[in-house]
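Each of the next two complexes has chain A plus one other chain: chain B in the first, chain C in the second.
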Partner chain A sequence: MRANVWSGRNTVQVENVPDPKILNERDAIVKITSTAICGSDLHLYDGYIPTMKKGDILGHEFMGEVVETGKGVSNLKEGDRVVVPFPIACGNCWACRHELFSVCENSNPNSGLAEKMFGHSTCGIFGYSHLTGGYAGGQAEYARVPFADVGPIKVEDDLTDEQVLFLSDIFPTGYMGAEFCEITGGECIAVFGAGPVGQFAIASAVMLGAERVIAIDHVDYRLEMARNKAGATDTINFDEDPDVVEQLKVLTGGRGPDAVIDAVGMESVSGHAPLQAIERVKQASRQETDRGAALRDAILACRPGGIVSVIGVYGGLMDKFPMGALMNKGLSIKTGQCHVHRYMKPLYEHVKQGHIDPSFVVTHRLDLGEAPNGFETFKHKQDECVKVVLKP
Partner chain B sequence: MTENSTAGWPRPIDSILHGATDYTAGVTLTTVFPRLANIDGTSAARQIRIAGAIHAGYSTLTDYPLGVVKAIPYKAHLALDAIGALALAATPFVTGQFRRGRDQWVPHVALCAFELASLALSDPTGKGDYKADVEAVRRANMEDPARKVHERGLAVTPGAAATNGGAATAAVS
Partner chain C sequence: MGSRTAITVNRPEDEIRRMWQDPAFRPEYIGEVDAAVTFRDAPGDRGTEIHVALPREAPRNKLGEVVQKVAGSASLAKVKDELYRFKQLVETGEVARSEGSPEGERAERKLKQRPAQPLKESELEKAGV
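Moving on, here comes the complex of A and B:
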């Protein structure tokens, strides 16, 4: 089969690789009909998540048709159309029984390695380095889905792939980020990052009843999408004025937003060029793993007693974490890799009922063979790229 | 295709990293470098300090992310880098100081080599390692990015999740 494989820093290529096989009775094989490039794939592409090996198949956002199931999978059958969540979760451990699927205790065989890097292991994740189990990803024609009796949900209506594909990751991730903000109606929520996850965090905050949603980025067309499609009421382009904290205070009567969502993560960009240069050099020379411009500003801007929701991916240690502001403002931090399984069905219902059309983020639909160009276009934000969907 | 992809070798240094290198080199040359090279107090040290100061000076005037007054185009900055490096290497031979010993010309030539190597790895577009064929992407794309980005019309119903019982219900139903 064809698959998009990692072949070095800033290099992916589409190669012919062996087809996946059932290895465990709880496995299923899915023939992939749509798969996407995620912003967190760029952390692998840029070389900031270690333990990638040449030939590793990328991709953790995918859906398709079941073509084979193991003996232990009774809920799926050949021909079922399914969306596969990016976390691989056993469904039986303490974490899974408490709906904390992204910290499943059984699905990551390399959890010791992940603990050394991340400080704590995540569950297994498709196509996301050997730190998360070394599972083959979904940017391919077929994928093996472990614990298929727990993860995939069936799509049994005529919604398009693009309307349900993002239930695999970015829609639940954005929704969880908004849900962390404890929106009851009328709040002001700031969202750092207007990439795909940021767009869904904005849309989710709007769905949950926030009165004002402020989108922060330095890419104009992404801010425009946030206003036009996701429902942001205000936008801040920090290339025009790098003092985001001050601008957020001005927009909120001097107090700060009720909650701030960091949908950026470890490769954040500062509008202050010298600070950005220092952090890039530190990260490139492995003096820190995570650049912290967005998270620092989120903490500094949030109103006293507010909530900082962190859904951008971080992988280790960050310098100059403003612990004093966090403590003395009495902020709460809520974070985590998304427990996707928990959100898939309720969000699927929202899609079915027409409350949201997740396909709004898709700016590029390409053949799988174009994956290398897709990665570059997405990474460098060319051609007004927000989200790339690949068709195997 | 971008210029870096036609060079035949990877050019991973984008304009931000190039700028960081400029300022680091400028500060180092004007401060500790002469002492480290054991040439402090000589004309060689004075030349290298001047070169460092000029380098940092036109960096502040360059149109790149770390520039202060963005007056000099990035490509012109790169040309100045090359000219400056070659001029620095030539100086000991023009003045004749190379006859006074290796320490009077080796630092100049080494700095020139460093600068030229840095230039060879710098992407003149400023985009770093960008290597996609955007035109090929446009031809292959089955979507219309302009329509998706610029066309007005919310893709979400405000309050739809709140009216369904709010976050907690939506998450566990």
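Moving on, here comes the complex of A and C:
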């Protein structure tokens, strides 16, 4: 089959590889009909996540048709149309029983590597380095789905691929980011990053009842999407004025947002050129793995007693973390890779009821063979790119 | 602390004790090295803690100390693998396999990962599929 593989920093290529086979009884094989490039794939592409290996198939946002099931999978059958959640979770361990699927205790066969890095292992993830298991990803014609009796959700309604594909990651991830904010109605929420996850965080905050949602980015067309499609009430472009904290204060009458969402992660950009330069050098020379401009601003901007919700992906260590602001203002920080399994069914219902049409983020539709172009276009934000969907 | 490890398995103690003896689950290596294994009810209804302490023989000289350090750490890694595989088998019914680590968790595999792409026919049997 054809698959998009990582072959070094800033390089992916579409290659012929063997078709996947069932390796365990709870596996299924899915023939992929739609698959997407995620912002977090760019961290791999840019070479900031360790333990990548030449030839690794990328991709953790995919859906398709079940073509084979192992003996232990009785809830799916050949021909079922499914969306696959990006975390691989067993459904049996203590974490899964408590709906903490992204920290499943059993799905990472490289748990020893993860323990060295994070103290504990986290779940396996499709196509996302060997630290999260070394699983082949979904930017391919077929994928093997472990624990298929727990993860995939069946799509039985007349919805297009693009309407349900993002249940695999970015919609639940954005939603969890908004849910962390404990919105009860009337809040001001600031969302750092108007990429695909940021768009869904904004849309979810609106859905949950926030009164004012402020999007922060430095790419105008993304801020426009945030305003016109996701429902942001205000936007800040930090290229125009780098003092995001002050602008947020003004927009919230001096109070600061009730909660802030970091939908940026480890490769954030600062509007302050000298700070940006220092952090880029530190990251490139591996003195820190995580650049932190967005998270720092988020913490400084958040109102005392507020909530800092971190759904952007970080990989290791960050310098100059404003612990003093976090502590003295009495902020709570909530974070995590999304427990996608927890949100798939309820969010599927929202899509079915027409409360939201997640396809609004799609700007590029390419053949799988064009994946390398897709990565470049997405990375450099060319051609007003927000989200790339690949068709195998 | 270098020769001790522990894991928690989400099952009651009597069940764990039974499965520990069952040939389908029993960790072989831990039995072979004559490690001290103790079971303890985990607090808060979380199942059972399994504690393993590796036997430690007094090294005869400096060289022996070095050898034990190297060999000892290797065997602890093996014990950890076996405990994790036991937990996976008991809780999920299988040992998680990825394309990068097709045999499941193995200390030897950590630094010698396959690329994360499907196995060739010839590799399947080797991986015990």
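We adopt the following convention: the second predicted complex is superposed on the first by the 389 of 392 C-alpha atoms of A that agree within 3 Å, B and C clash if a C-alpha of one lies under 4 Å from a C-alpha of the other, contacts with A are read in each partner's own complex, and residues count from 1 in each chain.
Here, a residue touches a chain if its C-beta (ideal position, glycine included) is under 8 Å from a C-beta of that chain, and two chains touch if they have at least 3 such contacts.
Please read all numbers here as calculations on a predicted model, not as lab measurements.
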Practice problem: Using the superposition on chain A described above, determine whether A:G374 touches chain B (first), chain C (second), both, or neither. | Solution: first
Practice problem: Figure out whether A:E78 sits in contact with chain B (first) or chain C (second), or with both, or with neither. | Solution: neither
Quiz item: A:D157 contacts which: chain B (first), chain C (second), both, neither?
Solution: neither
Quiz item: Does the superposition put A:A277 against chain B (first), chain C (second), both, or neither?
Solution: first
Quiz item: Can A:D241 be said to touch chain B (first), chain C (second), both, or neither?
Solution: neither
Self-check item: Larger contact residue set on chain A - chain B or chain C
Solution: B
Practice problem: Considering only touches as defined above, state whether A:V5 meets chain B (first), chain C (second), both or neither. | Solution: second
Quiz item: Hey, which residues of chain A end up touching chain C in the complex?
Solution: 3, 5, 17-21, 23-26, 51, 53-57, 72, 88, 90-94, 97, 105-113, 124, 127, 130, 133-137, 144, 146-147
Self-check item: chain B contact footprint on chain A (complex, rising order)
Solution: 10, 99, 175, 178-179, 182-185, 203-204, 206-209, 221-222, 224-225, 228-231, 273-274, 276-278, 280-281, 284, 342-343, 345-347, 349-350, 353-367, 370, 372-377, 379-380, 382-386, 391
Exercise. Name, in rising order, each residue of chain C that touches chain A in their complex.
Key: 8, 10, 46-47, 77, 80-81, 84, 87-88, 91-102, 104-105, 107, 109-110, 113-121, 124, 127, 129
Self-check item: Residues on chain B engaged by chain A in the complex (per definition of touch)
Solution: 12, 16-17, 19-20, 23, 65-66, 127, 129-134, 136-138, 140-143, 145-146, 148-162, 164, 166-167, 170-173
